[in-house]
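Have a look at these structures, which come just after this line.
One chain, chain A, appears in both complexes that follow, with chain B as partner in the first and chain C in the second.
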Partner chain A sequence: MSHSGKTKKQFVRLTKSQRIQHIILVISTTLLIITGFMLQADRWFISIFGSASETIFWLRGIIHRIAGVSVTIVCVYHLIYVTVTKDGRSWVIDMVPKPKDVVDAVQNMMYMVGFKKERPRMDRFIYIEKLEYWSVYFGMFIVIITGSMMWSEYLWPKFYMDVAGAFHLGEATLAALAIIIGHIFSVHYNPHVYPMNRAFLDGMIDEDLMKEEHQLWYEREMKKIEDSQAGVDRNG
Partner chain B sequence: MANGDIRLIVKRLAVDVLMTVIFLALAAFAVWLMYIYFLRGPIDIETRGFVSRTVHTDDIQSVQTEKYKISHFHNMDDVVLAGIQSKSLCVKCHGDYPHEEEKKTRAFFNAHSWFMACEVCHMKPEKNEQVNYRWLEPDTGKELTSLNGYAGVYGGLIIPLKVVSGIEQRLDILSDKDQAFTEEFISQSKNVKADQNFIPVKSSQERIHKSLSKKAAFCDDCHTRNGLLNFNQLLYLPKRASHLESLHMASMVTKYEKFHMPKLFDKKIVHPD
Partner chain C sequence: MKVRATVLLIIATVIPLLLAPSVGLAEVEGSCTMCHKYPGLGRMEQTEGEQAKPIKRRFYINNDLFETTYHGKISCKSCHTGVDKIPHTDAPAVNCATDCHIINPSSNKSFSHKKIVDDFNDSSHGKKGSRIKDKSGLPVCKDCHNNKTYHASTGKETDSIHQITVCQECHQSEEFVKRFYEHIIYRTSKRRTSKEVVKLCGSCHANQELMKKADLDTVVGFTSTFHAKAIKFGNEDVANCLNCHAPYQLGFSPHRITSAREKNSPVNINNKIETCRQSDCHSEASKDFALGSRVHPSPDKIKFLITEKTSNSGEVRLIDDPAFQAKVIDWIQLFYKILILAVVGGLGSHRLLDLYGSIRQHRKGGH
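Take a look at the complex of A and B:
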């Protein structure tokens, strides 16, 4: 219910399949970040675990590999999903970057700093979401290849291992910072959704947020509703 | 103020506190990530915490070695990291991993150099010479009385001893004269660009290696019944000794491209109790 007592319209933002893919990605990535960066911890941190440190670090390796396999499976599944299913194809088509995204980015930043009175009218996926989405493809490609190489270290010459290690650590650092600074802000600390955007749980987005952040998409969806209602009226 | 309003305020406050705590934790983590990547110093590009090639101080080395040992998936190279072979003069020139030419067998040979003196395989055999093999602490020469610990890491090395007039002489130790000559050669060769064809270098190397054979003992010289080593006398338990005699390593190496030995470090055989 809105403050006026009028029920807000709800729209589907994420389907059940997309939510399951997302939650597996969230859990796996969190585990990968924790167990991966444990290797960079200082001595005092390791000493906290005392005699259990050897077991904990042994488990660390196992968990990191299990999470790595999970994330790989989700990525492969997602590729199939966006190719084979109708929802998936619609998702990836709407994610394709367009010249308007550049204009939106500039205008949105001007709006943020107060040089424009209104936010640009953006579509189903805004430029930040597109950037995040395609960055995951790039990042996953790097970490899956280099992670597999490091898992099968006995197959590779030392130089290849050094390069793989450098790329794996570099991409992991970039991804972790992007998630913390970019994604966590936009889905948790952004004033429009604080304390959380519930779309990852129930898949829905309300019309207020649609109007604020996805005006073009909102107008298109409303037109569809109006057209279908007009069709019902004509036929009925 | 109505109860409902108070409850709402408390609920919002709790959410704000929780979100603030999470925010601070994430911000601290992000700052730490940037610190380790951009500010901490040489990045360990192997991501295993082992940076001995870029950082050389003893203190950091020991810290990194400890981290390496607990972080590596296989937790390997204990003997080399512990420095058991480091007293050997051979290691000073040839390194901890001296076998590098033959890709298929080098790992096996390098693994043996952790717990055997180089002379066991590389000694020049002489006719009618009696040689005994014992587990000795390399520094003190004290003989081990039992094999305790992880396979191969028993605190000693298998060392060949030549029997001369009923007295055993260690073959991994040079005479004082040869020792001094070898150490002098090693220290000099650090200062000059060693040219293998330059006569003094070549003749010095020949002198240093005079008691060693270019053709080393191969797998089946030991891993066979009545081979070079008597595994029972070398303190192995009977079942383990019998297993070591029947490995047929040479035929494995020559016959197959890929092979594995699932029972090699089977705990039931290595330490049945």
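Take a look at the complex of A and C:
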């Protein structure tokens, strides 16, 4: 509460492009999870729809395909984004896992349990964010391939369909649970960010949260500002 | 006077004689409903076989309901032959192959289901065609043609009403038109929804006890297929049991259903692809589409296929080996089970720790 009365410094966490990519991913993934898991639904659930169930089934298929295509487009766009643009390149470079992440993970957990007084000084992306980010690559690779296979079912032997189905369902279950437990909990049900981390909306992070979770990044950004300030001062 | 009396006598004798067949029949009919109109009529009967148990048999006939069925114009005794005295002790069971008194307008002969019954007997459900030793568990006509569907609603009431008015341009009797029309609709449109077909076939083929007796594989794998899932939602575009095992479109009929081992079965390994490709289904399916795998394998079926394979000296590609296929699916499922446990457990406990850390900091007054 030491900052009360004083406006907090804000830093850019997500650029506009990154936020748009994220929101498309959120909407498509939500639709995919809902329409996908409808297939695993039990009789009682289907009975809720009554006579509309056949139409809903048809819509389910259409929506699942549209959302699937959207996700594929966003993924392809993201691959281009991280290779071509400056923001994208800095993003992916900062995402590269480093040995320090392992040290951070251990120290952070020790801090959480109470064996350490301070959180480790972590960079722009902490180990758990890196894990989530690269998991999306792994997951998307699997669901896009197997999903396309099932969409073009007439090309493949039945056994390939069974394999594709098993992978698709397994990966979808894993992703859905990881998103709910790993991601939604950490950006909403987290005392540091309660009621939610607003970065996905306005792209900004305030200095309190930054110091708490990304101390190293904060120091780097501050140094940059100081340097440019100094530059301005020198020039001026 | 004498002449008039004689004429009257002749008339009085001849008229009843002329009317005798119909009047006599009506009397017999009347005497059936005399007893069978009472809803309570019935008895408990002991079944035969290993698991004998008493079953309730009802002999009550709701005449209003009966008259609206396809058989509504047929006299009781046309089917219930040998019912001549009370009590009906020696009456044989109803045989659907019996000639009935209705004249078939296409052949001018008595109508009969004999051809269908013969076909059925030669099918794998029939006494002749089945390779089961104990024939007592085989289905009979009534197991599928249960009374409810005698007057099945076509689900196209608006169409029917429109069509019926066209018929009524010539045929005055609404009752006749409705029965006749339904009689045709009954055969040209789907009588049962896919859900009902699956339920009907499953009533025997998903019954473990019955299948064990017949030395057949219990069908358990179907529910996990996409076809079954779509059917659950009421979709009629995907295949139900009959669309593959007895597709009318390809010239098969449920009455002539055969085992997949028969060369001309639609689900025989060599014919499967044509079955998959039928009409709007997987019309562009590649040749491999139907090869090497089962549409709804169950653990028992896989075991059976493995033994069949080992007894078969022919080379089987690993990828076509049902045991290998089943293993691959198991591996994938195991892989994801472990991964999900690790990820959910890891992320979950990390989140809890984080919360614990925050609470601890808060108590200390850190934040």
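Operating definition for what follows: the second predicted complex is superposed on the first by the 233 of 236 C-alpha atoms of A that agree within 3 Å, B and C clash if a C-alpha of one lies under 4 Å from a C-alpha of the other, contacts with A are read in each partner's own complex, and residues count from 1 in each chain.
Going forward, a residue touches a chain if its C-beta (ideal position, glycine included) is under 8 Å from a C-beta of that chain, and two chains touch if they have at least 3 such contacts.
All figures in this text were calculated on a predicted structure; none of them were measured in a lab.
Asks: Should the pairing of chain B and chain C on chain A count as a clash or a fit in the superposition?
Replies: Superposition check on chain A flags a clash between chain B and chain C.
Asks: So, does A:188 touch the first partner chain B, the second partner chain C, both, or neither?
Replies: A:188: touches chain B, not chain C.
Asks: One more residue to check, A:168. First (chain B), second (chain C), both or neither?
Replies: A:168 contacts chain B only, not chain C.
Asks: For A:128, select first, second, both or neither according to whether it touches chain B, chain C, the two together, or no partner.
Replies: Second partner only.
Asks: By the touch definition at the top of the document, which applies to A:70: first (chain B), second (chain C), both, or neither?
Replies: A:70 sits against neither chain B nor chain C.
Asks: Of the two partners chain B and chain C, which one touches more residues belonging to chain A?
Replies: Counting contacted residues of chain A, the larger count belongs to C.
Asks: Could you say whether A:148 touches chain B, chain C, both of them, or neither, answering first, second, both or neither?
Replies: Touch partners of A:148: none, neither chain B nor chain C.
Asks: Tell me which partner A:39 touches in the superposition: chain B (first), chain C (second), both or neither.
Replies: Once the two structures are laid over each other on A, A:39 reaches both partners.
Asks: Applying the document's definition of touch, where does A:109 land relative to chain B and chain C: first, second, both, or neither?
Replies: second
Asks: May I ask you to decide whether A:159 touches chain B, chain C, both, or neither, giving the answer as first, second, both or neither?
Replies: After superposing on A, A:159 lies in contact with chain C but is clear of chain B.
Asks: Considering only touches as defined above, state whether A:17 meets chain B (first), chain C (second), both or neither.
Replies: neither
Asks: With chain B in view, single out which of the stretches 293-301, 311-319 or 329-337 of chain C clashes with it after superposition.
Replies: 293-301
Asks: Using the superposition on chain A as set up above, list the residues of chain A that contact both chain B and chain C.
Replies: 39, 43, 46, 53-54, 57-58, 60, 162, 165-166, 170, 173, 177, 181, 189
Asks: Which stretch or stretches of chain A touch chain C in the complex?
Replies: Those in contact with chain C are residues 39, 41, 43, 46, 49, 51, 53-54, 56-58, 60, 109, 111-114, 128, 135, 153-159, 162-163, 165-167, 170-171, 173-174, 177-178, 181-182, 185-186, 189-192.
Asks: Can you list the residues on chain C that touch chain A in the complex?
Replies: Residues 226, 229-230, 232-236, 282-286, 288-295, 319-320, 325, 328-329, 332-333, 335-336, 339-340, 343-344, 347-348, 350-351, 353-360, 362, 367 of chain C touch chain A in their complex.
Asks: Which chain A residues qualify as touching chain B in the complex?
Replies: So the residues of chain A in touch with chain B come to 36-40, 43, 46, 53-54, 57-58, 60-61, 150, 161-162, 165-166, 168-170, 173, 176-177, 180-181, 184, 188-189, 194-195.
Asks: In their complex, what parts of chain B are in touch with chain A?
Replies: 15, 18-19, 23, 26-27, 29-30, 33-34, 36-37, 43-49, 63, 66-67, 70-71, 73, 75
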